[in-house]
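A, B, C and D are the chain letters, set down in written order, and residue numbers restart from 1 in every chain.
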Amino acid sequence: DLPLTVIAGPCQLESRDHAEMIAGRMKEICEAAGAQYVFKASYDKANRTSVSGKRGLGIEAGLKVMEEVRAAIGVPTLTDVHAPEQCAAAAQAVDILQIPAFLSRQTDLLVAAGETGAVINIKKGQFLAPWDMANVVAKVESTGNSRILLTERGSSFGYNTLVADMRALPQMAKTGYPVVMDATHSVQQPGGLGGSSGGQREFAPVMARAAVSLGIAAVFIETHEDPDRAPSDGPNMIPLDQMGKLIDTLMQFDALAKANPIEI
Amino acid sequence: DLPLTVIAGPCQLESRDHAEMIAGRMKEICEAAGAQYVFKASYDKANRTSVSGKRGLGIEAGLKVMEEVRAAIGVPTLTDVHAPEQCAAAAQAVDILQIPAFLSRQTDLLVAAGETGAVINIKKGQFLAPWDMANVVAKVESTGNSRILLTERGSSFGYNTLVADMRALPQMAKTGYPVVMDATHSVQQPGGLGGSSGGQREFAPVMARAAVSLGIAAVFIETHEDPDRAPSDGPNMIPLDQMGKLIDTLMQFDALAKANPIEI
Amino acid sequence: DLPLTVIAGPCQLESRDHAEMIAGRMKEICEAAGAQYVFKASYDKANRTSVSGKRGLGIEAGLKVMEEVRAAIGVPTLTDVHAPEQCAAAAQAVDILQIPAFLSRQTDLLVAAGETGAVINIKKGQFLAPWDMANVVAKVESTGNSRILLTERGSSFGYNTLVADMRALPQMAKTGYPVVMDATHSVQQPGGLGGSSGGQREFAPVMARAAVSLGIAAVFIETHEDPDRAPSDGPNMIPLDQMGKLIDTLMQFDALAKANPIEI
Amino acid sequence: DLPLTVIAGPCQLESRDHAEMIAGRMKEICEAAGAQYVFKASYDKANRTSVSGKRGLGIEAGLKVMEEVRAAIGVPTLTDVHAPEQCAAAAQAVDILQIPAFLSRQTDLLVAAGETGAVINIKKGQFLAPWDMANVVAKVESTGNSRILLTERGSSFGYNTLVADMRALPQMAKTGYPVVMDATHSVQQPGGLGGSSGGQREFAPVMARAAVSLGIAAVFIETHEDPDRAPSDGPNMIPLDQMGKLIDTLMQFDALAKANPIEI
């Protein structure tokens, strides 16, 4: 029943300055609104639609930036890992390791992440039912680590389209772990632009608000000062200058939701 | 920006006494919560899963009960029509004619309903995209009637399952017409029990709250004092004695949503 | 284990001459290939995407043409019915009454059609699972009529898209009734052109061949001498001048399939 | 236009004797039927539903068995790889490296596999559209390797269900690469048994035949002498003693399909 946590940042790391600019601005916004803030960014985009899509700073330079942001801005941080051997280093540099949705059934990755002892945020695969996450969770728990977050980011719905089923949030909450709504990826149109993914940026606040009204633990939002120039996921990101008003509104819904818990 | 309207009632008419009991109780609940109330019931269930499913009182006796409820309880009423020739009589007896989802592309029915001049509530077909409703609306508008409501009740999602896409609500609102969330049918499991439809009653409040948080005009909820004995749709109905608390909570989310309109 | 039946014709009746031209040409093609032929056409398109879509000749003129085609060309005929009161007249004029997919759960229509004693071809709703058809069949059987055909025409798959599940064919065959593959509607893109439905004409032969290889009773194909000028369903129709080669090939697959029955 | 290739074997390697038994039997069956045969088995099941699911012999022991089977039985072999660093060793031991469906967008894995120069069989992700495979193919082609196969294994269709869209086969063939139908995984029910995946073994021959009738290059079938005791994927495997008749029938459909190519 803690107030909403906001996990936000650019899709991929661009530079230390850029990361600190966004983390700093988001920290101010969240503090003003009474939300806890976690900075999110990726050091590598390992599954771009196209081989020519930009992949980011790479693990070494990227994790260094993540450490600098954490130290300089004073916020907890999250990044995604794509292979078991990345987990230990990433867990040194950030607070939360994230398992990408496509990799949410890869046992070795889940176990390696769990073994670091870090908090593990598992994105539900686009091909999984909410109740399938009980088996996914058990893979991390097998390491003795029960610091787990579960994230909804949409289910495959025909071709090049996702749909976010609101039932998935209370359903995943039955595991006992905090549930996160990824408001920006759930409005992605995977592969929808041919050589890259499209998105429906305008619907991200819709997803965020509907989910927050159900009393979830956190919302995940990708943001950028100029989404149309972001190296990835621009079509579904929320512009940074709209985040203040959005978070503010979400916190009002969060307070009302936490005062009126839904019981399934 | 009016406060939320609640469209609620049993799935099918059972008797005058039963209808008045539910309408009376719901009227009290809605008045106490500051919601406008519309009584809903069906005189005929024309598309039961099984030929042996109960179909209701029939049009003549059913419409008579609808008139009596309106007069006795003093609430506007809604019923669904299944054929063009039923529209005129139904429009005499109730305030709102509803087009069932399966019939949402039947031109003659839409036109006949529109020609009555009554308010027309069109349920989006399980097989339609939200933007397809613009063509459906135009069929009613072709009669000169623009008193139209549009209802989300879920989209086909694999076999025996529906999913309610929250994006459909603001998308349909682009037509300029009020949007309704059918919180109970959207958690139906069509045909899921073999000879009848299953449902996930526990998720109906989830759907209602998520949708209301987006600032919709109305919520549609089927209710019964003993859902497990209701002649139809029992598995997804909300027990009548839980409606007070539910409506109360929804009105708080409605007030917050109306104060913070979403713009798409 | 009879040879494949081909149900084919234009989507909607245009004129007596046009109907007889197509019926005559198809009869020649089917006789040459060893297939039984049924002429199909609609006298009314009751659920066009848009209110301005052409609807056809109407029931009176349309049924008259259907009778003339049957007499002049000497082939059995099929047309679809949209309301219970149409069934008796339609059953006088044609051999097979077809229940449209959107209407496949409307009890009164199924019963009225069944009561005529005609053969009833029920198209599986885009919102139904194959096993749900057992309940649909029981509605017709309740009239004592067991001259039933079941047609696959695709399931909703996200927005504006259908997918035809090959499993549906043997699954529906478990009812004991002959199964038909609608090769042209299953490649429709419902509402996909905004004011009308799109289609993927090039994939219709793919659907037909895959289904025929499983040993089905009949294939349903809409055809036109100039699909791009057809008043409806042009995008998914097969040009008439390609039907000869297509039917010829399908008959070879049919013979092989009937010699190697699949048992589920 | 070569005759059909059959890629078949147990889901996971159990022992050298077991692998050789199946490879030997399948080789006989395929030779008798005129099909080319490729032995398939996995040394590791890296994405089991549950952490307690059996994973197989491991890479070292497993690749050794794969080499022994190839040498002893004299057939080409296929195995799947799950991480970039596995590719070089696997390419020494087998002829075809397979990219698992969940990993079909992981750029590093595709590139590492491509760089070995081996034939690469890419399974289409359950979350991808057929046309998305053009981008996947380009990742492998970026290494200069154009020895590529593309496999259909079903698309997500609601929860715990897959559907195989027959249009995907000619659509993927537009890339110019040979197309494979995975007849057993496409009838899988992912996660459908709670702690493991269910399946509909009886429909695997349906999928195989429908696909082969379209003139594909190869069919992929998992088989076991006692599927109910197989350590994984038992519910969708075909019993070994039914493979002779199945392959025999498929070859007849293949000959007919290759004589009547479909042009899209």
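Just so we're on the same page, a contact is a pair of C-beta atoms (placed from the backbone, for glycine too) under 8 Å apart; a residue touches a chain by one contact, two chains touch by 3 or more.
Worth saying up front: this structure is predicted, and the values here are computed from it rather than measured.
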Pair with more cross-chain C-beta pairs in contact, given A-B and A-D: A-D
Homomeric contact chain C-chain D: same or different residue positions, threshold half: same
Chain centre separation in whole Å, for chain D relative to chain B (CA means): 48
For chain A paired with chain B, centre-to-centre distance based on mean C-alpha positions, whole Å: 36
For chain A paired with chain D, centre-to-centre distance based on mean C-alpha positions, whole Å: 33
Per-residue overlap in chain B, given as positions that touch at least 2 other chains: 155, 157, 159, 163
Topology of the chain contact graph, where touching chains are joined (line, ring, star, complete, other): complete
Complex interface listing, chain B residues touching chain C: 46-51, 55, 82-84, 102-103, 105-108, 110-111, 125-132, 135, 138-139, 142, 155-156, 159-160, 190-191, 194-195
Footprint of chain C on chain D - complex, ascending: 155, 157, 163-167, 169-170, 187, 200, 202-203, 205-207, 209-214, 249, 252-253, 256-257, 260, 262, 264
Chain A residues touching chain C - in the complex, by the definition given at the top: 157-159, 161, 163
